[in-house]
């Protein structure tokens, strides 16, 4: 899996690419938590457009990100979900818990 | 693998889709030989645009088609080769033996 | 019948998922069923790596797959210490916290889930999924 | 280490190819190398199905894959009658006729190819490919 973090104005966008599983979720976790902890982080958006697979460890990382962001009054959104990751979020009954946006433009809109 | 034969003017185009291996090459063989044996067959073009894999049994079928076509004065061409099938033809040193065209338009041109 | 044996290293999970996906295509289940079955088998392997082998990469996991007319069955074998099936529990889903989702996925997706200790040689996990098809392809 | 065992039915070749492809990705070989290695292993399995088992779908083939720093190795095992390695020969390529390409592919692609009869239990085919990489990923 590839992970890249970009600044877009006041927001950080984390681009993920590939499959998220037990072998790769710790790399994703580092990037997500770092972005939220960064000084003055107001909004963190996780880009799942190119993620074809996510397992429970990836979902756990998203939950951890959401919780840390709430504690720090940072806005945490995810966007670009393909069908398979969307189904996994539904199975976890978290599809109503996350702020899910269609694309990057929407994800960076208030 | 999916196989479909179409008439385009005096030519027959055989559309193949998927991977050609020991489990599927006999299906391809039936279609190729039938098209060449059909009454008044002047040109048979095998469409490999959507073939991502071909093994020696698929290559053998193409050779058989070429030979039968020659014996019957039918024009036999293949077109739309992806990188992997092209490499297999090269490994078999048959890339100079077949008439290889880029696309359907060229394949149906004299 | 298909059998695959991997070292208990998470980098091999991608191979397990590819194998399970191809098997699902062979028995012609729907894309949704396929995605879910891949997830369940992946989570079950991850759990063995994490909880049975405690991260030791040098152990092995065997996955057997068989299918009959209307179902597909996976049997996972490890060589770890006996696990207590009573302790394998999902967390309550209404608590929002990370972790504890894997067994929930496995039990929600699969129709039969059975953990068993094999005297002297590890544990097996048997998972069965019944398929909803009009014209089922058979694997064996 | 990865091991896969399939019934001797050509419909399982797609699973073998998926497995080999993923293994090649893990050791980070180039796309060309990957395509060739997939072809060689596929042809070797096809030959066992055709020539060792004579089309019997109910036999089994085991494929073991291991990699070291600079090579990837496949060992195929069958349970068929002893084969005579001297008879496994590609046809002359300058004759234009169908068939006889599989062993040519295997020998051209792989750097070491060795058939052996295992007393009492079938044959093994060991194939080694040396990899040309700057920063090789290891499998085991």
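Labels for the chains are A, B, C and D, by order of writing; each one numbers its residues from 1.
Criterion: a residue touches a chain if its C-beta (ideal position, glycine included) is under 8 Å from a C-beta of that chain, and two chains touch if they have at least 3 such contacts.
Note that the structure is a prediction, hence the values are computed from the model and not measured.
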* Spell out the chains that contact chain A while also contacting chain C. => none
* Asked: Counting one step per pair of touching chains, how few steps separate chain A from chain D?
  -> 2
* For chain C and chain D, let me know how many angstrom lie between their CA-based centres, rounded off. => 28
* Asked: Measuring from the mean C-alpha position of chain B to the mean C-alpha position of chain C, what distance in angstrom results?
  -> 41
* To do: Give, as an integer number of Å, the spacing between the C-alpha centres of chain B and chain A.
  => 47
* Asked: Considering chain C alone, which of its residues make contact with at least two other chains?
  -> 11, 14
* Asked: What positions in chain B touch 2 or more of the other chains?
  -> none
* Asked: Can you name every pair of chains that touch?
  -> A-C, B-D, C-D
* Parts of chain C lying in touch with chain D, wherever the complex brings them together -> 1-7, 11-12, 14-15, 18-19, 21-23, 25-26, 60, 140
* Structure fact -> Within the complex, chain A is touched by chain C residues 9-11, 13-14, 17, 31-32, 35-36, 38-39, 42-43, 46, 49-50, 93, 96-99, 101-102, 104-105, 108-109
* To do: Would you pull the chain B residues touching chain D in the complex into a rising list?
  => 19, 21-23, 53, 55-57, 59-61, 63-64, 66-67, 83-84, 87-88, 91-93, 97
